[in-house]
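Shared between the two complexes below is chain A, which pairs with chain B and chain C, respectively.
Take a look at the complex of A and B:
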């Protein structure tokens, strides 16, 4: 648990630093205005946070296949948690770079922003490690509360406040569902611990001692628990909040929403589905065909994600729908219930995270990035940026030989091998529809009418790529193109994660 | 495989031959890639240097691919120049047989021509343009040589990206966006079904290696479904009639060289896929669906020939005539006998040359007058005699004039089809008459009559250099097709067994 302890300590220290540093600097530079000081403080703290995240990366335990439970079985540390935490750390460092670029153009420069993100990361860490329904709930609340606040962080914008409020109300509802599910499970089994639930759910035990009443209440509990988590994942029919929150929040927060929390929630979701409730869900229920609701969520997300995005004019709403669609593909991996499905899921989410980092780095570099038409003439103003955007979007659309294609390939293959043909066919058709709107972005960036020279010059000025963003984009770009030549590290990672759950 | 190949080569040519002539497919792929890397470091304003580098690398690739043709063992039915890579944890083999060698040559031959043809007409983003073409070169070579279903699919699809950009960025009018979209989405919808089929095959047999799958046994119902999934994707690419809407759009809007690549090579991807995968892997289904293919092809031949008569856009005329010719190709492929299949592969090659040349002719006109509408052209023969000669030559070749390559292919195809189905032969032969009608009428309208325009420049030396190799090859294929036919005979008879 060193990373968590370290992060907690860092948050405390940085809070104190943030509270006292402005005073000290006002004394030393009286002539500077308050906003410049705030700005400097923001960057100081951001760099410190990035630095501490890097340290936390080194504090992670080694990946060696062992699994340890701590704090009275409340938390667990195994390969899954280690790798997922590593990914969270790396992706949040990328997000912080993105948000620093954002702050350079918009003046949201309160240093608490970064610290709230750090707190959310801590919550995600606990969430990944949770081995008990109580710690699961507490961790999910910790990260949600921080995210509610950052969603509403742009105080002078109505959209942002609206987004925060919407997210909060609906999030509270989902937390209620989650808590209700946990309570039901506790009521019918008398335990909240994952290990004990697992023992109780082993198929041999189920056959002997379980009565029907136990079953029904317990099942409803599982379903409610899943609903709570699916809400956080923004899967259909719990997706309503996503487009509004994505659109309303400051872009840096949207980037964080889109990039970081999903993998943590998926990790705990798969831990529930693939170890704790595996026998009851995939063996008992599948024989009765009751796993349908997960398939429904998958199909619904894919369809809504694809068709919902068609008519959008705002970039961030479009990205929200695309995120919903991608969540649908990932749910395919869960509903297969096989080792390959799990591996494919994690390959998918990692590639998805990388592509999303790329998309948001481009979006954040445009000064005006609200409407899709703002991308107009990007190719003339900054050809390199336009080309990276095109490659990232082609990859997101799943065009070979880019990385995004392989993520879909493995998922569809795992679904084929557990004979879920309907999911595959829906997935393929929605990915064609998806291509359409990704192509629309590329079209706007590339094929639009010739701009006059002054327009181009204006546009060129309005594009602002920081050094960090350009490095990030470069990494993403080459990774997506060259993935095909050396994909094995990712396979190994996904395999380790899957093994940690399935053994 | 490699050992077997070396043994056969050694037994024929003696011990030393393999040591001297060891050409590798990897090097063939790497040549254009090297060109791309070189282009990347050249600054974008040195336009002439960029053009020269692109032309040189593509020519080198062509010369290198010629060595494959020279050292190709024409008597062997096996795949040659076999190479294995470990790629994405999969074991991929690449090789050339008597069918794919011609497509490799056609690709490497047409790419320099495309680059030469767009020497002056492309003025913006020259560097990106050349990179797109060299990228297409690599991808197409990979499609034609790789013997693995998944890799075939990957390269088959990835061709879309540069082509989409070529149509979208360097196309002529605003309608190009619509065309690029249609091209992209049509092809994607078709080929994703093929992806499902490929995944199913991998799931059933545990491999996607072509040579291993040739020995696999597909049950009848499996064959019927898989064949359909493959067929939809290839039929969009060919294109067969209900799926052909994208083609005229894409052709009209693409720059000249883009049309050349589309007509010359991309259309052949579909028919190549049919002959490489559908026919040998699913023989029962191929026999079962033959009436369907015949019907679609006959409809394609007659309907598109009639449509051609009504077009007013020069490029659309050639695009629709391409659909008609590809209809004859698919008829030939499904005759199930040696003449038919050899003939249809031969038409593919000849069509790759002739339709490319016709598009280049239109490009020559477009460069001078900046319109493609026929009624603005009249009496060009008076001011552009050389061009008129070339245009008439390729028009005659297009309608299958004896002595040109199209005649050989069409004769063989009809000979094959006649053994199978008289009516199909009859109807598709009607297409030939209609073909003569629209081709000659087009020639008549453009070249003869009163002179309507005032620009008096005949084709330049560079344009001549573009046309001369095409003319020579068309004549060679038409007058002495033996070297090509021998190679095809061996591979196709292997395919039929």
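Take a look at the complex of A and C:
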């Protein structure tokens, strides 16, 4: 629990610092203008947040296979939570570097931005380790409230405000569904605690009388709960918000949306599906075909992600559809209901996070990064950036020697071994379609018409890669290429996560 | 007792419907207040008198009155959204039919078992507490001991909403003169000039 407590304290201290520092500095340096002071303040606070996230990384407890529940069984700490929290911390540090680069370019002069991201990270931490429906709901609200505000952060821009409002209204609806599901579960079991629910499900496995007594209402509760979570994951029937929100909100916020929250929500989703409701979902209902809705979500997400992205002209919209598609692949891992599926899921999401960090750090480096045609002539202006973009996109599309190929491979293997052939066929088909639009980006960057010298020079000047971004891109680039030679650490991590859930 | 339940819940449903359908926004806010009053009566019937009072104070006393205030301030004209009304009926009706069907599906089968399972989870100690302590005592005892984590997280959520509201609405304009208290206090004696009034 140390990282959470530490982060809470950090938030309070930084909030006070941010509120009072500008006044102090107006007194001491009268000549500086307000905007410079605000800008400095933003960077100070961003660096402090990065430092505190690094410290939180060291504070993560090493549990090594055991699991501890704390706070009256409201929270749980085990290998899953520790590893996922570590991944959240690392990816959010990367996101903060990205957002700093964005602020250098666009100047959002408000230190609250980073603090809201920190609060969202705190919410994600609580979400990952929640062991009760109440703490689950509160954590989800905490993180999504931060994200609503952050989505509307560029309040001068109509798009950003629209994105925030849309996200807020639809998010409130999904929270309502989640709460309704929790209420139904409570009504039919009398408990909100995950451990007790698990016990109840196990006993229902033994005793036929108990089983029949709570099936329908309890099941509808589970379904509503899953709907709420699937909405946050932007899986298909609930994906409508994603393209608009991704497009409208500032690019650094889009990066945060795409990179950080998904793994936390997936972690809690898998905890629900693989421990708490495992018996009722995968054993009782497998025969009745009730897991069909998860398969439907997976197939739908893959298809919409592939075909929706085809005719997009905006980069961020395209990335949103690609995120939906990837979510479809990840849901395959859940719907297999096996240990291999779970491992493949976590391998997939870690590789996905790394690839998305790469994509967004390229996108943020371009001055104009709205339309796909803005990538025009990138190869001439900055060949290195173009090449790393190409490698990252090849990996996202799943071209063999790169990391993205293996993540897809393992998922399809796990689905094959639990004989879900339809999912595999649709997955392979949609990833072929997906290749097309990733390759189109590369084609625009490389093989568009030759720019004149002055245009190239202009474009070269407009590309601004900060030092942090370049280091980040380098790490991502080499990781993606060299993954094939030494993949075992990632497998160990994924295996540890899967074991923590399935014991 | 059951008649009272029907009266209150029926009134709540009818006035909830009127909230959506009435043309005048002020009327709909007033109906919203009526909904809250009925619901708090329902909560009172469950024996949770503290929750009922809080519901009245918070929702009616604060939120609904704030709504009313905003609606009156904004001077919203009676909007002409009746044209679209028919347009949304089929899809809305379809969705509500689905939910109604679900509710009947649940209620038919397991009406009896709900209470049986619920009672099982209350320990004898908790039952004793419920009998001999007032509502507010029980609530406080649970909230500040067993569920203090939830209490703290709710506090963080409120902090987020405060920061969010400030960030999204506060405009720092450059040319507006503000009172800078720190600067006033900081001002030294030599910064002050004595001005003699101009004599004619």
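As a convention for this text, the second predicted complex is superposed on the first by the 494 of 503 C-alpha atoms of A that agree within 3 Å, B and C clash if a C-alpha of one lies under 4 Å from a C-alpha of the other, contacts with A are read in each partner's own complex, and residues count from 1 in each chain.
Methods note: a contact is a pair of C-beta atoms (placed from the backbone, for glycine too) under 8 Å apart; a residue touches a chain by one contact, two chains touch by 3 or more.
These figures come from a predicted structure and were not determined experimentally.
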- [ ] Return first, second, both or neither, reflecting whether A:110 touches chain B, chain C, both chains, or no partner chain.
- [x] second
Open item on the list: After the superposition on A, what does A:263 contact: first (chain B), second (chain C), both or neither?
Closed with: neither
- [ ] Scan A:147 for contacts with chain B and chain C and give back first, second, both or neither.
- [x] neither
- [ ] For A:255, select first, second, both or neither according to whether it touches chain B, chain C, the two together, or no partner.
- [x] neither
- [ ] Quick one: name whichever of chain B and chain C touches more residues of chain A.
- [x] C
- [ ] In the overlay, answer first, second, both or neither for which of chain B and chain C A:443 touches.
- [x] first
Open item on the list: On the A-aligned overlay, A:75 touches which partner chain: chain B = first, chain C = second, or both, or neither?
Closed with: second
Open item on the list: Looking at A:490, would you say it contacts chain B, chain C, both, or neither? Reply first, second, both or neither.
Closed with: neither
Open item on the list: Under the stated contact criterion, what part of chain A meets chain C in this complex?
Closed with: 8, 11, 15, 23, 26-27, 34, 71-72, 74-75, 110, 112-113, 115-116, 119, 122-123, 126, 134-135, 138-139, 141-142, 145-146, 148-149, 152-153, 155, 184, 187-191, 196, 213-217, 220
TODO: Name, in rising order, each residue of chain B that touches chain A in their complex.
DONE: 87-89, 128, 150, 153-155, 157-158, 160-161, 164-165, 168-169, 174, 176-177, 180-181, 184-185, 188-189, 192-193, 195-196, 199-200, 202-203
- [ ] Note which residues of chain C are touching chain A in the complex, please.
- [x] 102, 105-106, 109-110, 113-114, 117-121, 146-150, 153-154, 156-157, 159-161, 163-164, 166-168, 172, 174, 180, 182-183, 186
TODO: Quick one: which bits of chain A touch chain B in the complex? Just the residue numbers, please.
DONE: 379, 383, 390, 394, 399-401, 405-406, 409, 412-413, 416-417, 424-425, 428-429, 431-432, 435-436, 439, 443, 446-447, 449, 484-485, 487-488, 491
